[in-house]
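Below you'll find a set of structures to go through.
Each of the next two complexes has chain A plus one more chain, namely chain B in the first and chain C in the second.
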Partner chain A sequence: MDSPLLPEGVKRCSPAKFLFWTLPWFLLLAWGGLSAFLCLYKGLNQTNMSNIFAFALWIVFDLAIIALGAGAFFTGFLVYIVGKKELKNILNAAVIIGFICYSAAIVMLGIDIGQPLRGWFIFWHANIHSMLVEVSFCITAYLMVLGIEFIPNILENRKLAEIREFRLFGHSLHHIMGVFAATGVFLSFFHQGSLGGMFGVMYARPFAAREGFYIWPWTFFLFIYSSIAAGPCFTILCTKLTELITRKKLVPNNAVQTLAKISGWLLASYMVLKIIDTLGWIYGVVPRAGLTFMDFFREGPYGVWMMVAEIIVFGVLPAIMLLSPKARESEGLLIIACLLNCTGIVFNRFLFIVVTLAIPVMPFDRFWSYLPTWQEWGIAMAVVGYGFLLFSAAYRYLPVFPKERELNPVTE
Partner chain B sequence: MKKGSDQGKHKYGMVIDLDKCTGCGTCMIACASENNVSVRPDQSDKERAITWMCLYKITNGKEFPHTEVSYFPRPCMHCDNNPPCVSVCVATATKLDFNTGIVSQIYTRCIGCRYCQAACPYGSRYFNWWHAYFPKGKGLERYLTPEVSPRMRGVVEKCTFCHQRLMRAKNQAYAEGRRELEEGEYVTACAEACPAQAITFGDLNNHEHQVSKLSKHPYAFRLLERLGTQPKVYYMSSRDWVRRQAENLLPGEYKPVINKTWMEEEWSTRPGRDEF
Partner chain C sequence: MTPLSFEWQWNVEYIIFFGLLYIALGVVSVGLVVVVIKTALQVFGFMRERHF
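What follows is the complex of A and B.
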């Protein structure tokens, strides 16, 4: 039925099978749609957020997917600026994942703010001292860049490519993509950093507060570093999942290995900096606030184990695995290492967001608990559904993986 | 920012005498009433209820008969040094007024991102999770202050040191041909209502004002002072254990002003306390 739209020379499942595959993701989207309607119509009282947990599940999701989507700008940087040509075979996938992550994050933020219709005030009444302003500006601009980076791939669709103008436009865009890749790197540097800066500058919240360089707290740099360490691993995970589901080899091994190796080096150096930062914080910021490290974990379920897990299990361990050629070349271990790495960044963001707010600063204040409502989960899960849908549709109708035909010759 | 603040002519602030506070909650009621603070059918939802002035109960943690209780009324601290909430606000919806020292909130500009709530260590900022609600038929709507706009759903609100009272007092002074306010012409609703007169409000920059004198009392302290926010709300207590709970302290850091407690000695008769 949709065969004229499918890329040439590759095998795709039947439309009925594809429709069946999309059903659960549409269901997630429907759940999210209902949740979004309730949150917009009835207000944020539909969530379990409170004056204590002003940031909650959605912000964790936002920051996590923005970090995981960093594979897009970083792979673009490696391809167009460093010149790692073998990564071109995974670049389209990275860009689509980045597009999914960033567009979903912006929609989530739109629901998360109490007055969505005033969202444009961020740009109109911008407070240049606020890290969140920098985040908003750069994310919006970067989503446009991602859109531009996605366009040539969309125009490669068999039907669209038949239109000469589209084909020419797509090709022309290809030629100047280096400029957009560089713009993407610049914008990503600042929004990933500002997301970290957002928490580091909260000087009256000793759990998040950090010292830094000039106006930038160390978290500014650490968030950039951690995102480029974990983002490529998320790209690898997504392509591996696609390979598993489609039962095809889609990306040549050398591209995956290069990306995994770079990720390993970045994660290892990030862990060194993260450990130094944590020690500096424990022996500098924390005692200056009149606290000891263990004071933070007196109440509530968020124990010190979370920090240990973040650094050791989800940090040092995957770094060692990714740096070891033997572990990297074993598909199972590579996937485990990537999973650990990505979990680590989610843990990191969770600690900076939820745990920071959960820890009362006033000595006589108490710990309050928070569990998300189904409406909050609905919107978070809709992001997953949207991601699967868009990526599946892109895979089905666009030549996302340039080497797919070569790696999987169709024998009629 | 600090420089600008120092240049300000007035710096309104308050001193709350915790030894006088009985925890009656009148300050909370007066504040809510003066400022049209919305209520909920279920006010026991403390995580989402709006209480610009919030009363905390603290104890010395000792067993009976040595138990002592004190109350901590907590308005917005109107931080004087780079208020944590101001620099983070995306839409410039909150600012520190250098002429009065008041940290204000522009409700119609707030987008409800709640970053300010995350940044404030005192929990002084409240989000409107619901539409403003004043139960009909119970007379509450008759008590609404016409000078204060009720807040819409989805924005953050906070204590403004009853800014409308400052405006009113200024108007009155101008009408009478005066350029300056007398002490006591502008006081917040909580300070006015406190039956124990535990709250003293005035201009910290004016050495004639009682609040300025009290803020320099040896018993005066501020909440989480070491974080560097420089609150303009001071507290006073002769009790060590109370002062100790205003700050996170490492072992050995606390320097007692006096080691006697209320139970051990009748502090109010001690010479020096009120004569200071």
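What follows is the complex of A and C.
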């Protein structure tokens, strides 16, 4: 039925099978749609956010997917600026993942601010001393850049490519893609950094506050570092998941190995800096605030084990695995290492957002805990549904993986 | 916010913050305009088609 739209020379499942595959993702979207309606119609009382937890599940998701989507700008940087040509085979996938992550984050923020119709205030009445303003500017501008980077791939669709004007537009865009990629790197550098900087400047909250360089606390640099260490691993994970589901080899090994190796080196150096930062915090910021390290922790997700796990299990361990050629070349171990790395960044963002807010700031305050409502989960899960849907549709109708035909010759 | 907005202040912080933003947006816009012009020139036969 949709065969004229499918890329040439590759095999795709039947439309019925594809439709069946999309059903759970549509259900997640429906759950998210209902939750969004309730939050916009009835207000943010549908959530468990409060004056204590002004940042909650949605911001954890936002920051996590923005960090995981960093594979797009970093792979673009490696291809167009550093000249790692073998990564061109995975670049389209990285751009689509980045586009999904950033567009979902912006939609989620639209609901989080409560009155999306006033969302433009942050641009027009900007407080230039706010890290969040810089983040808002950069993520919206970067989403535009991601859209531009995605267009040539969309225009390569078999039907669209038959239109000469579209084909020429796509080729012309491709020709100067380096300029857009460089702009994307600039924008990403600042918003990833400012997301971290926002926590580092919270001097009244010693769990997050850090010293730093000029106006930037160390968390500014650590957030950039952690995102470029985890983003490529998320791209590899999504590619491997697509390969697993389609039962095809989609990306040549050299591209995956290069990306994994770079990610490994970045993660290892990030872990060194993170450990130095943590020790500096334990022996500097914490005692100066009149507290001890264990004062910040309670039980469950607020326990000290989260920080230990983030650094050792989800940081040092995957860094060692990614740096070891033997582990990297084993498909299973590579997936485990990428999974651990990505989990680590989610833990890191959770600690900085939820645990920071749970800890009392005044002597008469108490430790708070937070549990999201089903509406909050609904919107967060809609992001997952949206991601699967868009990536599945892109894989079905666009030549996302340039080497797919070569790696999987159609015999019939 | 633009230099014409009433909240705008003519100081280094505003100029650097918005300057960088406008440079980034300017690069993207000029890039798109160049692509549109190149495509139009190729469509009307004033420029050779390029393929990748």
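Everything below uses one rule, namely that the second predicted complex is superposed on the first by the 408 of 412 C-alpha atoms of A that agree within 3 Å, B and C clash if a C-alpha of one lies under 4 Å from a C-alpha of the other, contacts with A are read in each partner's own complex, and residues count from 1 in each chain.
Throughout what follows, contacts are C-beta pairs under 8 Å (C-beta built on N, C-alpha and C of every residue); 3 or more make two chains touch, one makes a residue touch a chain.
What you are looking at is a predicted structure, and each value in this text was computed from that prediction instead of being measured.
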item: Touching partner for A:Ser172 - first (chain B), second (chain C), both, neither; value: second
item: Which superposed partner A:Phe137 touches (first chain B, second chain C, both, neither); value: second
item: Greater residue coverage of chain A in the superposed arrangement, chain B or chain C; value: B
item: Chain B versus chain C as contact partner of A:Leu273, first or second or both or neither; value: neither
item: Which superposed partner A:Ile148 touches (first chain B, second chain C, both, neither); value: second
item: Touching partner for A:Arg118 - first (chain B), second (chain C), both, neither; value: first
item: First, second, both or neither for A:Ala126, with chain B first and chain C second; value: both
item: Residues of chain A at both interfaces, chain B in one complex, chain C in the other; value: 124-126, 129
item: Parts of chain A lying in touch with chain B, wherever the complex brings them together; value: 43-45, 49-55, 112-115, 118-119, 121-122, 124-127, 129-133, 136, 198, 201-206, 287-292, 295, 356-357, 361-365, 368
item: List of chain B residues in touch with chain A within their complex; value: 47-48, 56, 58, 72, 82, 84, 87-93, 109-115, 117-123, 125-131, 152-156, 223-224, 226-229, 245-250, 253
item: Residues on chain A engaged by chain C in the complex (per definition of touch); value: 123-126, 128-129, 134, 137, 141, 144-145, 148, 164-165, 168-169, 171-176, 179-180, 183, 186-187, 190
item: Sites on chain C touched by chain A in the complex; value: 1, 5, 7, 13-14, 17-18, 20-21, 24-25, 27-28, 31-32, 34-36, 38-39, 42-43, 49-52
